[in-house]
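Each of the next two complexes has chain A plus one other chain: chain B in the first, chain C in the second.
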Partner chain A sequence: MAQSTTASTEAPAGTSALTPALFKRLHPRPYLDRFLQEGVRPDGRPLGADAGEAVWRDASVNIGSISTAPSSALIRLGNTTLVCGITLEIAPPDITTPNQGFIVPNVDLPALCSPLFRPGPPSDEAQVLSTRLRDILIASNVLPLASLIIEPAKAAFVVYLDVVCLNFDGGILDAAVLACVGALKNLRLPKATWDPDTGATLCEPISEKAQGESIPLNPLPLSVTFGIFNGHLLPDPTLFESTLCTSHITIVVSSTTSKLLHVYQAGAPLFSAGADGVEGGGREQLKACIALARSRAKGLLEILA
Partner chain B sequence: MQQADRRRFGAPEGAVPLRFASTSSSAKPSSSSSRLDGRAPEQVRPIFLQTGLVGEASGSAYIETGRTKLICAVYGPKPTPPSAPFNAKARLNVEVKFAPFSSGVRRFTPGKDTESASLSATLQQSLLPSLILEALPKSQIDLFLTILESDGSDADISAGVTAASVALAEAGVQMYGLVVGCCAAFVPSSPLPLLDPTRAEAKTATAFASLACMPALGTITNVGVSGVVSVEQLDETLQKVVQACGQIHGVAKGALEVESA
Partner chain C sequence: MAPRTDRSPTALRPLALSQSLLARADGSTKFSFGNVSVMASITGPTEVRIREELVDKATLEINVRPLRGLAGPSHKAAETLLTSLLAPLILLHLYPRSLLQLTLQTLSSSSTAFSTAFSTSPSSLTPSPSTVTLQSLPPSSAESAARINASMLALVDAGVACKGMLVAVAVAFVEGELRLDPTQREEEMATSRHVFAFSFGVDVGGTEGECVGVDSVGQFEVDELFEAQSLAQTATQAILAFIRKSIETRYGATGAPPPAAVKPAPAMKEEKMELPEEESEGDESMDDA
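== the complex of A and B ==
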């Protein structure tokens, strides 16, 4: 009796339509785990520190695709796609900092880019991303605010960096930083003069003759994110991976100097010692991440050039 | 006056758009053609249309005609929330958004601005007659459209209708036919109306006509005419616009065939 029941339950279970897509949907954690046990990630990237450049997703940059913006950059990081467009305005500098202009970065995650977002005001996630992006851009001082001054205490440029996500598949902060840097690199400020009589600023339209002034940037910040899942270090996680990861590490390195610009770790870096070629405790592991981030930053800098 | 928005980083106090010194416009129509970019009056701009850019969406389309660039994504059909009243037909929700950098001066209003609301209404009206929504009771279809670069609002609507219909088709929503849009501007400098005008051309126009139709069925789903125009001229123009829509329909069909191949 018992045997017959097992036999009858086994047969349909064996032939049930548990397709890979269904398995992924119903049991995301074991699904990812099975992949990682085989030393490969769901999108085919290899696992491990010695895999070289293959652990990252393909990144590409298209500069200046939006002609209504003074400068713009379209970034693709794997499937993640976003556009950063710059708009310029003129405002009187803040009274406490008469020699500084403004940069105003905003990240928009519209309902278009993913079913996770609803139409309406920016979600918490978008607000957090905007804040972190602003922190990175201001703290790294990539665009010296003093270079935006037209007339001290009277007029300065406001550089709005609006990042619009078109396809949301993880690594948004990395892509947003890359997009902002790409757009800033390409930005040319029109020649502007402040008229003391009218108190207004008049600009010269950018044309073949008047090319405008490009701003010398400080060393560029380049952001790299890692996820940690079940003792494995996953560089540049996709959305599916990053929702399962227990901790995240974001490292922003400077393009030319060896300085770190921003390190953010959510959760403890608990990948198992010895796995993926990384030995030692948390400190060593973080150092390994920084080394990986440096090598990735070199690659990112090449595609920006 | 804009209301304060605490969820974004706002503009510093007293920020104004750039003011440019007026220079003589160097853009003049070439001698052989009445149009700024050298097109014939009834010639539409080349269209690039690609589907499937938004991975998680049921259907999506990116369209680029000249400088107009927009992206459209469809989510659904999906069940309406339990709180919604019973509806025998599926609801089509349309939301049009402008990227802040889409039109030269910074476009930024918390919530909806009136232009995108009217665009949404026009878009919805153009698409509704093509969809078999009776087949989907108690469900909704969300359609989102983001304008990345705008080149005149009429061109935006036309390109938007085409992209939206292709995205709906990719999402597998039952429909009678693909809807495509085209528009025309009447300018004093040209005896013939200009099809698919750019922003610079639209600036001098005295009247606009925009039309959405299903060329496969020969049905017009939406017509809008604004400005002063004679009946004969309008009739003639709309026929030309319908002809142009036939060409655009070929592009839209091609994009879907590439996707399914």
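== the complex of A and C ==
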């Protein structure tokens, strides 16, 4: 309150001191709450389970935008923008897993994507995102590690998935999973052979003549995040919303099967107050979230195709 | 994978809990599920660095340490999970402008033995898609659950004010069978692993418990998730009963503080006198859920 009176003394006489921008800055919680009471979110999206596709932010994918990488995908999810580039390397497989290659995802949150981050070593948030992205990609088995083998116990491909965030506005994990899946779909492995005489791998670079072979992918993982604020379920929250949310739920669904690949929720209990449009216990509401996630996944899959 | 022979699929491994093990920390706890063991220590409320000071509540700092080497990205992820689980339960506003430092040390190592036979034959290159296991992910669910329990009990030992108790347990699906508190081998052979955290206390779940944390990975149906959640809920109730019994034995069943003991002055002797007591607490175990 003290802050708002300070603001009013600085404002020119006769005009309303508390502009919307100032209100948002000084009292973010009441600001968001006023919007939600009117059944709308600050960026104009409707609230409630029956709003259909309009509860999500616009997503778009541009595959192959980086010509120097074997495969890449640029994703926009609302204002969130990130790019995933794939680099390939050949390395001997781990001695305990002679029939498996490697997938190494890495999320970079540079200082240019948000004032929240500083230049220097990867922030905690980037490390956490990298770990969760790895868990999702490995556990969903989207790219079978066995398909990266050139010669068992001798040579295998290492697939580096470098995700660089260009604009940080919430939903980073969702966008990162989408970017990785988009880039993997477009990936073609060059033809490589292991020469037992020289003990070296011969790899033919991808060209007009040698197209390489694309890898058959398993059902794709598609991630959808929800925020919970004051008993309201906010699908695909922006950065402003997600900093105010007491809890987040991330659901990763499989593109073609009915299976779930990852469910993550931590913090305040799942909907202690009745959420919009969904009544009943936390379990019913989680089911509603999963149904919402599935419908969103269908939309995301169309964008990728 | 062979079925369990040492316990039923819905039974916990023996639990062990010992508190106040560290003399210089404000609270400390060792919690184990069988051979998966985690030590937690709390320092605080203590002075906070100006940069991290919050005027209306305490700063919660969590450090997860591996058995050897430096903490990596996966430990940062564990810290984030703990922060988001504990921050709503601790009454942080009671300790403004101060620091609560929680350090977790893993005491058990994941085995470095080759747990599965491996071959380079071409037939093993194409596993059938129905048997996709989580072998490529390090087994961490049971340890994650132990970390959550150890942190909560360290907070209790330090006397930090909390809204309720947080109790966690791991569950895995191995060949379609639901297994509570999976061993390392079972986690590797699992098709999905789940860690569930439940909070107990007035307004935060009562005696039934309320699910405040889910971390599931693998491939599973919705019904399997809920089946695992129900099993985890009854298991956490059993773990809470064990914790209650253990703490009651420590402080006396009525909850009164133990009678003041006259301790000899030299510090060396003091430590020796405390040891037998703690060991007796650590021995307490419970076999069944």
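The rule is short, and it goes like this: the second predicted complex is superposed on the first by the 281 of 305 C-alpha atoms of A that agree within 3 Å, B and C clash if a C-alpha of one lies under 4 Å from a C-alpha of the other, contacts with A are read in each partner's own complex, and residues count from 1 in each chain.
Assume a contact is a pair of C-beta atoms (placed from the backbone, for glycine too) under 8 Å apart; a residue touches a chain by one contact, two chains touch by 3 or more.
Everything quoted here is computed from the prediction, not taken from an experiment.
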**OP:** Tell me which partner A:T87 touches in the superposition: chain B (first), chain C (second), both or neither.
**Re:** first
Subject >> Contacts of A:Q265 with chain B and chain C, given as first, second, both or neither >> reply: second
Subject >> First (chain B), second (chain C), both or neither touched by A:N218 >> reply: second
Original post:
After lining up the shared chain so the two structures overlap, which partner does A:Y160 touch, if you call chain B first and chain C second: first, second, both or neither?
Top reply: first
Original post:
For A:A69, is the partner it touches chain B (first), chain C (second), both, or none of the two (neither)?
Top reply: first
**OP:** For A:L145, select first, second, both or neither according to whether it touches chain B, chain C, the two together, or no partner.
**Re:** second
Original post:
Once the shared chain is lined up, is A:Q127 touching chain B (first), chain C (second), both, or neither of them?
Top reply: both
**OP:** Classify the contacts of A:L26 with the two partner chains as first (chain B alone), second (chain C alone), both, or neither.
**Re:** neither
Original post:
Which holds for A:V104: it touches chain B only (first), chain C only (second), both, or neither?
Top reply: first
Subject >> Interface residues of chain A shared between complexes with chain B and chain C >> reply: 127, 130
Subject >> chain B residues within the chain A interface of the complex >> reply: 5, 7-21, 23, 53-57, 67, 69, 71-73, 75, 95, 97, 99-106, 110-111, 142, 144-146, 148-150
**OP:** Note which residues of chain A are touching chain B in the complex, please.
**Re:** 65-69, 72, 79, 81, 83, 85-92, 94, 102, 104-106, 108, 110-115, 119, 121-122, 126-127, 130, 134, 158, 160, 162, 164, 166-169, 190, 192, 200-205, 207
**OP:** Within their complex, state which residues of chain C touch chain A.
**Re:** 72-74, 76-77, 79-81, 84-85, 87-88, 114, 118-122, 124-127, 129, 132, 134-137, 197, 199, 204-205, 210-222, 225-226, 229
Original post:
Which residues of chain A touch chain C in the complex?
Top reply: 96-100, 124, 127-128, 130-132, 135-136, 138-141, 144-146, 149, 152-153, 218, 246-247, 254, 257-270, 272, 282-283, 287, 290
